Amino acid sequence: MALFDMPLAEMRAYRPERAEPADFDAFWRSTLDQAAGHDLAAEFRPYDAALTEVEVYDASFAGWGGHRISGWFIVPKHAAGPVPCVMHYIGYGGGRGTPHDHLVWPASGRAVFVVDTRGQGATSGNNAGATADPDGGVHPQSPGFMTRGILAPEHYYYRRVFTDAVRAVDAAKSHPAVDPGRVYVSGGSQGGGITTAVAGLRGDVAAALVDVPFLTHFRRALEITNDDPYQEIVRFLKTQRNADEQVFRTLSYFDGQHFAARAACPALYSVALMDQTCPPSTVFASYNHWAHPEKSIEIYPWNGHEGGSAEHRSVQLRWLKGVGGV
Amino acid sequence: MALFDMPLAEMRAYRPERAEPADFDAFWRSTLDQAAGHDLAAEFRPYDAALTEVEVYDASFAGWGGHRISGWFIVPKHAAGPVPCVMHYIGYGGGRGTPHDHLVWPASGRAVFVVDTRGQGATSGNNAGATADPDGGVHPQSPGFMTRGILAPEHYYYRRVFTDAVRAVDAAKSHPAVDPGRVYVSGGSQGGGITTAVAGLRGDVAAALVDVPFLTHFRRALEITNDDPYQEIVRFLKTQRNADEQVFRTLSYFDGQHFAARAACPALYSVALMDQTCPPSTVFASYNHWAHPEKSIEIYPWNGHEGGSAEHRSVQLRWLKGVGGV
Amino acid sequence: MALFDMPLAEMRAYRPERAEPADFDAFWRSTLDQAAGHDLAAEFRPYDAALTEVEVYDASFAGWGGHRISGWFIVPKHAAGPVPCVMHYIGYGGGRGTPHDHLVWPASGRAVFVVDTRGQGATSGNNAGATADPDGGVHPQSPGFMTRGILAPEHYYYRRVFTDAVRAVDAAKSHPAVDPGRVYVSGGSQGGGITTAVAGLRGDVAAALVDVPFLTHFRRALEITNDDPYQEIVRFLKTQRNADEQVFRTLSYFDGQHFAARAACPALYSVALMDQTCPPSTVFASYNHWAHPEKSIEIYPWNGHEGGSAEHRSVQLRWLKGVGGV
Amino acid sequence: MALFDMPLAEMRAYRPERAEPADFDAFWRSTLDQAAGHDLAAEFRPYDAALTEVEVYDASFAGWGGHRISGWFIVPKHAAGPVPCVMHYIGYGGGRGTPHDHLVWPASGRAVFVVDTRGQGATSGNNAGATADPDGGVHPQSPGFMTRGILAPEHYYYRRVFTDAVRAVDAAKSHPAVDPGRVYVSGGSQGGGITTAVAGLRGDVAAALVDVPFLTHFRRALEITNDDPYQEIVRFLKTQRNADEQVFRTLSYFDGQHFAARAACPALYSVALMDQTCPPSTVFASYNHWAHPEKSIEIYPWNGHEGGSAEHRSVQLRWLKGVGGV
Amino acid sequence: MALFDMPLAEMRAYRPERAEPADFDAFWRSTLDQAAGHDLAAEFRPYDAALTEVEVYDASFAGWGGHRISGWFIVPKHAAGPVPCVMHYIGYGGGRGTPHDHLVWPASGRAVFVVDTRGQGATSGNNAGATADPDGGVHPQSPGFMTRGILAPEHYYYRRVFTDAVRAVDAAKSHPAVDPGRVYVSGGSQGGGITTAVAGLRGDVAAALVDVPFLTHFRRALEITNDDPYQEIVRFLKTQRNADEQVFRTLSYFDGQHFAARAACPALYSVALMDQTCPPSTVFASYNHWAHPEKSIEIYPWNGHEGGSAEHRSVQLRWLKGVGGV
Amino acid sequence: MALFDMPLAEMRAYRPERAEPADFDAFWRSTLDQAAGHDLAAEFRPYDAALTEVEVYDASFAGWGGHRISGWFIVPKHAAGPVPCVMHYIGYGGGRGTPHDHLVWPASGRAVFVVDTRGQGATSGNNAGATADPDGGVHPQSPGFMTRGILAPEHYYYRRVFTDAVRAVDAAKSHPAVDPGRVYVSGGSQGGGITTAVAGLRGDVAAALVDVPFLTHFRRALEITNDDPYQEIVRFLKTQRNADEQVFRTLSYFDGQHFAARAACPALYSVALMDQTCPPSTVFASYNHWAHPEKSIEIYPWNGHEGGSAEHRSVQLRWLKGVGGV
């Protein structure tokens, strides 16, 4: 895969104007308030994963609309006292999978809370999910989740997803094994976009691990990549030819750059220069807007959307120690 | 595209056992009864399509759940008295498009009622739709519509679609320009599947035009084709590895063969022998089960899913005359 | 499909130098004169398309070399007096198809004359044609029509096609149902290229509808797109390595820009910014050279070669009214 | 590439019924007689290929319709007296290329006469040709040469090609350097099909080298392969939906099996079991019908259409010695 | 992906004749003896993976030829006394990756020994390896490892790999944390093939976990799949046209069926019915020959080569308990 | 294929800074010295290729490490006295093939020495090789040869290949039929890269024919093309994420630009502007650094990696005459 985006030097300085809607904060305040009307009702049912060194819970809580959101909550067995907890949000199309997919953080002495993305988790090559999105939207959609409700911010799919994600932190904090002062948010691709949103919407997370984030700088992404899932929106616009303005208005409430500009915690980003799914310039746009001064970005020059993969886990483990880890 | 299905001679006689659920009729009776609880509320708003020889209406009515279903209703301008009406259901991914796409039936002196498929009509290469599917389902789904609610017949997407389609006939009949004794149902691919369902669920349609129908003989289709949209279900099963039995139970309430076996009107089918989207053996399975004795099938030996395309329109126009046309 | 051509702002002003051969007008004058040596011999045989609201004729006339060129001529049944007539030229690979494909203009009270492209109309996915190109050329060709006779303007395939198209207008005007002062030319892709040529070669057409035109600004097109049919020429040049100069000389007699620069009627263009078949900068090159001051261009920012499709029909119907419609 | 045709053992015995038209011989006799009306007018112009050990001629002669057919005629420089001559016919899309492509036979002490295929030789990846097919046919065609004139045997493209090939032998024999009793015919793919035709139409060739022959057992080929060029005919039939019977009637005059059944000389075939372009069962169908008892077939079990390539040249050189070589 | 192999019922009974070379056992005995000439020299260097609940070692030992083979050895931190150890062999192209990829077995209270495959682990999408194959072979090879040394069993790449794998068990047993009576072998795809080989070559492993195994029933695999890595051998044979017999002779010493027929421990297999990389019939051929009576096979009917993925981990964890687990 | 590299005018002047390692010459001197420790032991065994006008030898000699390197040596039969000899190096993946592939130079009165590339020649679509690379390297590699030993110049595969190629010239010169003052080096793609290296490493070759050379200006190539074989290195770097610097250090000893800058003989290059395998700017970088003033470059503007193919042979034959040919 050849390089296709700006030269690296340009990207390092790339900090495009943000066209933030005037009522961005109001929109999200009202959104979270509305969700807060539903009791969190976090549940942690012990789950037999045939593992002896960790405790596994089939967790759930009431997300947007009071809909049940599933997740795995996994704690190291031999911990003495509350441990830090890593919130883990999932990449596009995937679900929480099995507990066996999420053992790195527990092996490092931390808890992990893996949060399902509503409606997703039923696509080949990804892990199964267990959470519905009962809200089908009020207009047609292109297959996929990117265009569900895209004609109005109130109806947009990611309004519900981001709200679920924000409330998942409350669910994690509600568990006695978790040290509420050391909750981290993390995720790659869509999970990176969600991570950015949660970091921007809550003042109380201790750090963010953002890998090759999606849902950022939409217009540029739509114009420079041929790859899904950004292309789901292009396909929508190809057919719904007059929806253009309305769609970009909606997206302006969900752009990772705006959340980054509000982030109040340290962040470790990663970016891959041959990533056609989440083009590197859009990642740098988010990173360069990140408000908290303690931040760094790991560059994988020859990788595509897989970015640093498992190898980046080591970088994160080391970085977290410096930030206030175990 | 090479031949890939059974030899033609075998297909002509192919009439597989139907594994129909015992409560098939009860399920559909209760479904339609439940829908009947909502007033039909058919509306026909005149629409300026800049055409002078037809009258165009932006039509809508209350489908399943009382949700508004959109469509185009187009009548020849110079008709004297009520005319026959062709119900037209749409192929997968498409919407009602523009009135200009639907002028053949009006040019033949008939009305046409083009029915949106809820949620669809926002995909590149297909016409735009204007109808939502507000019902997002109660579990994850694979992108596309094939797996929305697929874990239970009550929640399955096509329960809502077929019900909309049945009620669309009522909407058409309610218009004074339509001769209620000469309502035909028609469609290709997904539209052919819907056509079969409506013919099986109502005793009062005068004829059915079924082209390369989808949604028929699911298990065989899933096993012999690599093509979407059947593959959406395969992708779902790849990830939701234990859902197999539940999925096939659901599908057994929606198989075109069971509707065909209840059909009480003449039918003209078409089939294409190189069709990998709706394999010819599954089309013959439906055709061979069609209950009404007056039926014929047009075979396009060298075509794929495009089947007879516009050329088949001529065959239909001639056939309809014999059946009781204008 | 990502954007791949110039930025829109640049394209709006893009009006490249035209390298027109000195004898361009002489070439075409002599070409049309030579064709005029054959009697037009227009024929309109009534055709039973099983339609009641239009009259359909299987039309033909003598094109270049006196070869018979087929077409459909369709008139609204209920017209009182002569009606305007839309000439419709076909996209690459397609033929006139069936009358049922061409009912929009009749439904708007206009006649339509659909002109076959000689030799074409026998390719999967397009409508069937009924017209031969008996002239096989005097040197090898790459499969397709783009390189038939490409080593000399006298032998080039499109010399014959453009001449056929020019004479088709005469055929249309010869029919009593047509108002000769209101003949419009129209077409998309190859049909758009032919439309431009006819508008440039005749002073008497009333308006031109040019969609995503092909056959324009050849060298740039060959250099920036990977798509057929422009690539047919590249494949030819790959093998006939020394034919380069000769080929571009031939093409200079057929470039849409030169015809546009001679156009004496209003025009409505459409262009799609993600069109890799007919790159948008080549469309703007033609549009910006269009000589008549009454012109406008509809931009489809997220579409590929499908452009505005049926939705653009509405735009055309409205525009035609303003220009001197029904 | 997996095996996709019959098991080898079955193919070895595969000798399908031949549905030969009653007037097959009459058709070809009249065809060749008609061509004989044109003087052969063979020309051999010395050509400077910067080679010192061979003599190269830019050859030509009057083929079907008196059209000039080009070729290379190359003789070893140091030959004493007339030498055998190998006629070489070209694969689909290619032309005679350069003399440097054809030095094996001269290096073995034989002359070679490389015959252009009219109209071909302008396609990427193949060698350039220098011969036109001025006869464009009397109906539309699908891009490529397979469907040019396919609606009637009189007009079919290969009638002209086979006639050219038959007359090329006369041209070769007319040169004093050639021993007329030792003229061999050879070719792969389309060239193999032409070779079969020439061997079936002339009694005077000394041997045939037939590699992975094309143009044989058409119906089976169309039904079991997805590959071009056979698919050109399928694409034609997809669009020209009613031409089916007419097309197969035409092809029955050009099927390699019928020529093989008339062959009066020894033959060496080669076949590749993973060949999707010219499926092995169609090759065996030809081979098993070959009339002369001295024949053998070399099987390349793991190859596709490339067959034995250069390595098979060694097999041919050895085989020719046994048959009556240098 | 459509079904492409035998029907399931047939596969359940599919137990093809094994064409085992007479000196199969002698070959392997001499191979292992020769390797035993090198001191094992197992090393376990503590490795800082920033994990607190496991102990990680960068392990290595002398494999075939005394070459150093790398691996990860990971033990649960809180174990009391020796634990069972799972040997894990890697799929084609991958290496041992990072310790973070291998935490399931430690989380279940077992050690894991992840064994690099020599030369592999430098391919996109797979984990990095750290082990060379210094033995380049004595003839050309097709890119990939499948054909390195394939012209003679003595030189074949997998002779070295299987030997490394057998010796890895000795290395694992040499560590004091391991209970030598409870060493299991496991792996998927290539790792499944290696697992089978080790189980067949050593009498002392306690159980085998074999997922979608590769390197089994070679001839059938080469004939029915188009996918790599089996196709590497086909590509080799396409070019080295005379090597056929020699290649299959070599492969007969490495066929999983022969190792299965010698297996002396219980086994849990998994197979996927849409697996084109390791076709299901070849998996059943191995399974049906497995000699030990305690065996079962998990079938994933709708999956490709991903098989049961993480979900199958649960099945294995439960199965291992029944066999004699923790 | 669209143009994708710099504009031609820019490329003509493109002469990037060369980052040559300080010990470049020392490295190669010591390499060749080390090889010289092995006796050349050139052998020429007569080979029966069934050709009468040339003499064919199965040649071999001791290359790097004393490993036997195979080749074909072919001399015109009728030569009087020593002839010039063209060294021919092979493109990636191919081997020496059969003698029948290499008859152009003998037909022009010159000898040809075709040199196998060690390890290669077993890949579909290329000719068979007969030479091993016994040196497997000391770390993992990505499939293919590009990354074998890439972590250190001492171990890199092309160190061995270039050394073989240098010594092949000695082998050729050792044959009495060869005029040692007129040895030319030639090759395309990988063969062009090897040709450059030999020209840079020996002062005694009389001319170089360099076609679309590979192995040049690595970093730019990796960044602008998606095609193999350059992408083999990218895949390696994707997995071996920390090897970046080490890899580029190794490659700096093998970059065609450095060899070109040392070339002491005339050169004829060819380049293709649509070549995505060996991008034209990297070819110009080598050409523009070529030290000898007598040089020219043939540009194929519409071709991809096939470049001028056989047609370029004519250009070379003519050029060689001017330089001091037969």
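Chains here go by letter, A, B, C, D, E and F, matching the order in which they are written, and residues are numbered from 1 within each.
Keep in mind that, in the parts below, a residue touches a chain if its C-beta (ideal position, glycine included) is under 8 Å from a C-beta of that chain, and two chains touch if they have at least 3 such contacts.
Note that the structure is a prediction, hence the values are computed from the model and not measured.
The chains in contact with chain B and with chain C alike are A, D. Here the repeat of B-C among C-F, B-E or A-E is A-E, since over half of its contact pairs match by residue number. The distance from the centre of chain A to the centre of chain D, with each centre set as the mean of the Cα atoms, comes to 63 Å.
Look at where the CA atoms of chain A average out and do the same for chain F: the two points lie 50 Å apart. Inter-chain centre distance (chain E to chain F, centres taken as mean C-alpha positions): 39 Å.
Chain F has residues 124-125, 127-128, 234, 238, 241, 306, 311 in contact with two or more other chains.
Chain-to-chain contact here is organised irregularly, matching neither a line nor a ring nor a star, and falling short of all pairs touching. Every pair of chains meeting the touch criterion is listed here: A-B, A-C, A-E, A-F, B-C, B-D, B-E, C-D, C-F, D-E, D-F, E-F. Partner chain E is touched in their complex by these residues of chain F: 93, 95, 119-145, 147-148, 234-236, 238-241.
Residues of chain E that touch chain A in their complex: 49-54, 76-78, 97-98, 100-101, 103-104, 106-109, 124-125, 127-128, 306, 309-311, 313-314, 317-318, 321, 326.
Here chain A touches chain C in the complex through residues 222-226, 231, 234, 237-238, 241, 244, going by the rule given at the top. By the touch rule above, chain C contacts chain A in their complex via residues 1-3, 274, 300-304, 306, 308, 311.
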